[in-house]
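Some notes on the structure that comes next.
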Amino acid sequence: MKSSTGSVLLVDCPDKPGLIYNITKLLFDRQLNITKTDEYVDQTTNHFFMRAEMAGEFNKDLLVEDVKQALGADSNVRLISKQKKDVVALVTKEHHAIGDLLIRHHSGELDANIIAVVGNHRVLEDLVTKFEIPFHYVDHKGIDRTEHEQQILDIIKPYNPDYLVLAKYMRILNPTFVANFKHRIVNIHHSFLPAFIGANPYRQAFNRGVKIIGATAHFVTDNLDEGPIIHQDIIEISHRDSARDMSRAGKDVEKIVLASALKLVFQDRVFIHGNKTVVF
Amino acid sequence: MKSSTGSVLLVDCPDKPGLIYNITKLLFDRQLNITKTDEYVDQTTNHFFMRAEMAGEFNKDLLVEDVKQALGADSNVRLISKQKKDVVALVTKEHHAIGDLLIRHHSGELDANIIAVVGNHRVLEDLVTKFEIPFHYVDHKGIDRTEHEQQILDIIKPYNPDYLVLAKYMRILNPTFVANFKHRIVNIHHSFLPAFIGANPYRQAFNRGVKIIGATAHFVTDNLDEGPIIHQDIIEISHRDSARDMSRAGKDVEKIVLASALKLVFQDRVFIHGNKTVVF
Amino acid sequence: MKSSTGSVLLVDCPDKPGLIYNITKLLFDRQLNITKTDEYVDQTTNHFFMRAEMAGEFNKDLLVEDVKQALGADSNVRLISKQKKDVVALVTKEHHAIGDLLIRHHSGELDANIIAVVGNHRVLEDLVTKFEIPFHYVDHKGIDRTEHEQQILDIIKPYNPDYLVLAKYMRILNPTFVANFKHRIVNIHHSFLPAFIGANPYRQAFNRGVKIIGATAHFVTDNLDEGPIIHQDIIEISHRDSARDMSRAGKDVEKIVLASALKLVFQDRVFIHGNKTVVF
Amino acid sequence: MKSSTGSVLLVDCPDKPGLIYNITKLLFDRQLNITKTDEYVDQTTNHFFMRAEMAGEFNKDLLVEDVKQALGADSNVRLISKQKKDVVALVTKEHHAIGDLLIRHHSGELDANIIAVVGNHRVLEDLVTKFEIPFHYVDHKGIDRTEHEQQILDIIKPYNPDYLVLAKYMRILNPTFVANFKHRIVNIHHSFLPAFIGANPYRQAFNRGVKIIGATAHFVTDNLDEGPIIHQDIIEISHRDSARDMSRAGKDVEKIVLASALKLVFQDRVFIHGNKTVVF
């Protein structure tokens, strides 16, 4: 029960008349100033979404209670104070995605603190420790996936992160691991999903002779490569590009798509709705 | 004083607390359902913009009055029934922009009726009349610009159009002509404004050796090529493209940018704010 | 055995040293001026491709013979005089793709003559005949696919077209039909292949919650949606777009991608190599 | 006079018949294998450009001599062994461009060695030295531009770099400084040149209300922002973006455009021709 300035109100509930009126009334009564607001109604599921940035002093818990009471028991209401998220990144061997995040973190533009990095190879240890961030090496050789993930979990848990970021972590995660961070794991997939699901998407793209490749940032769910998509982008290629050329060229779009998606997530602009996202 | 369903409410006024609350209250009191709403506050000028799509039966004039009273004398409030706009197009010689609009019009996807086309050359008469649309030829040779524009005005006025579209009309319009259709003339400029203002932008682009060219759809004001920009897009070029190649390649981006801008304008999604636009 | 100016020489063969030297020697000996040339070696299959635009007078058949002799029996050598291709378009109900081609054809920018249009519905007959192009209606109701395609074939054959264009023809073609026009049928598929193969790609894209949709122009082979890709492009969408919105927005990218692919094909810039293309 | 494998031959000269034939003959005679080749004739200036990647053993100096003799005294012929370029970067305060280059350098994908960084502020010293690269601080306060540039020159000269990279170096360079590195300084300009030449391009873009902003990588010449353009790219913005938002969003396109341009330059794919580039 604390007062707060610079907050974000996130509301979603079944649609009905008067929702915006009822919510803004509660804000107006508290003399809160709405500096930015977005609403959306999903016509397929008849579901309402609202995000409001507010300035002013108020009792946070009471406001959430009042909004919930006004909208009904089937509403989701969250009030988030604007502050940097705590993040743990998982990596394998590639520099570009984690390197980009480290530079953004170092310059203060990330909207998040990278509090640790976990890798199943040692390749990136040198890079990560340059930035005075703990690097935890968890070898996957000689143990099964469940045991490997348990070791990772034991390392991550004490950090109590808001989000996990898979910055080119090249192993599949078990549902039991994912369940620990429901809707809080963001992955960058190196293809334009749902094209080229699975392994070696650049090789698949090369074999198919496509003229455009892409990258997809998405939340991780139990089904590999099928979680809600946050952001995608593409680059043009030609017959002159080998699978290796594509892989190299793809790194730029991968790292920018991941960073763009994380910016949206860390600024609390993304609702998850079934296997889709609503992005304000 | 008529009732209306499927309407768009457009409001802009100096920003102050409670605007959304006050507006949605008036809609809620009338049991109007908001199906889509957007708001924006320009922080530089402290000005508020709102667009709401509504369904339901109501007295249109009374609602506008009530909103105006609630928001103050310095507010702009418009309530627009969703219906196709009436449009007159001005052309010179090029087929692509007017051709694209004619096909969209013919297939019913334009959100507007093209009620007449005026040309300062006869080149496009055959194409336009295929679609049973009146084509008016107004030769500019031997008369001065003012006289030429007066003749065009005499032809257009009886049509009483909502908008004029300059679909590659290659002559400059006098402020006195423009004043007849304030904020109601949309032009497609064949460059990525403000780069290459003025004549022969593709030649200018070629001489400068740029790697990207574009097109800009904007409202026409007194200052050539300086009206509020509605939409822009680009295409990549290379040293291999001559000025003529660029001109040909540019046609596709010109016609799509113009059509996209017109869709926004005809759906009442564009506010003009100084020399800029707010596009919902 | 005729002489020719403004020709395109197309060569492909297994790669070996001296190919460019041997080919350009034969052109130089004839005092032909190469105005534009492109070469490419596919490293995977070790195959060489060359396209040369030439100016000058020469014996066409003799040159082809000499090049073939210099490169060996396993070379493909074609010499094409620059002239407009003859094209028959197949359509169903949608205006945008065929409409765009008709406007380009009418304005003389298509690099091809549309000599006839065949439709399995009457919807587009009015539009096509405006442009004085024969429209043939071949109803598919009450007959099986083979019989329907035979009727279409009987209509097309006398026109002896260089290419067939499927301008949103919404039926699958049998291999026996396709065999009549090997590597000479171009289709526009309304998805970013290989994502969303099959029917209703916009509905599939909506259900998956993607942030980008696209269109793919490809040659038609026996396997639906698996022919060599010529060109692709994309547009960004958001949660706000319904499947119907996507379908509408997709029309612009579909028609531009189709026209761009046809420009490449009609200018003899596309080699087919297995299930891929080499595009100069 | 050394032999060499993995070389790039760069030729440009006035166009005349037989150039490709004459050049490839000299390569064929030496049994050199051409693995990749590109040619282009600028029709405006009637100038020929060719770039060939070759494999094989040969006497480098003799080949250059022979090609020059075959093409004439007004030809430019260079033979470059493929190896990483030595680069000195100049910076001011911003992290994104130099940070991106440092990560690429660290992971070995840059095609160049960053051998030193010079800054007119100390802000980036910490970041640069993390990567064990010398950082030289040259304060510009209290001295005039000529004196400042002389101090920088004294530092750079001993490194004998192939190229200077202005990675958001926010000061104008005198022609006398530029003359030391003719056609060897690459700058990233934070606007879509020639739009918004000069200072504060994001502020200018905001004031003009454009819907797209961009970045331009170019060679530095005596005239600020007018050097030959190597690469450009853009991002879409809207009325919701402040000048500060644009500046932040622009960083991603700036760093990717700079890195893409440098890749082309370092791989010897860029010819400078007047105030333009030919990029293979």
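Letters A, B, C and D mark the chains in the order given here, with residues in each chain numbered from 1 onward.
Just so it is clear, contacts are C-beta pairs under 8 Å (C-beta built on N, C-alpha and C of every residue); 3 or more make two chains touch, one makes a residue touch a chain.
Since we're looking at a predicted model, the values are computed, not measured.
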Smallest number of contact steps required from subunit B to reach subunit D: 1
Centre distance in Å when subunit B and subunit C are each reduced to the mean of their C-alpha atoms: 35
Category of the chain touch graph - line, ring, star, complete, other: complete
Subunit B - residues contacting subunit A, complex: 17-18, 20-21, 24-25, 27-28, 31, 33-39, 41
Residues of subunit D touching subunit A in the complex: 94-96, 99-100, 102-104, 106-107, 109, 127, 130-131, 248, 251-252, 256, 259-260
Subunit A contact footprint on subunit C (complex, rising order): 40, 42-44, 192-196, 208-212, 214, 228-234, 238-240, 242, 273, 275-279
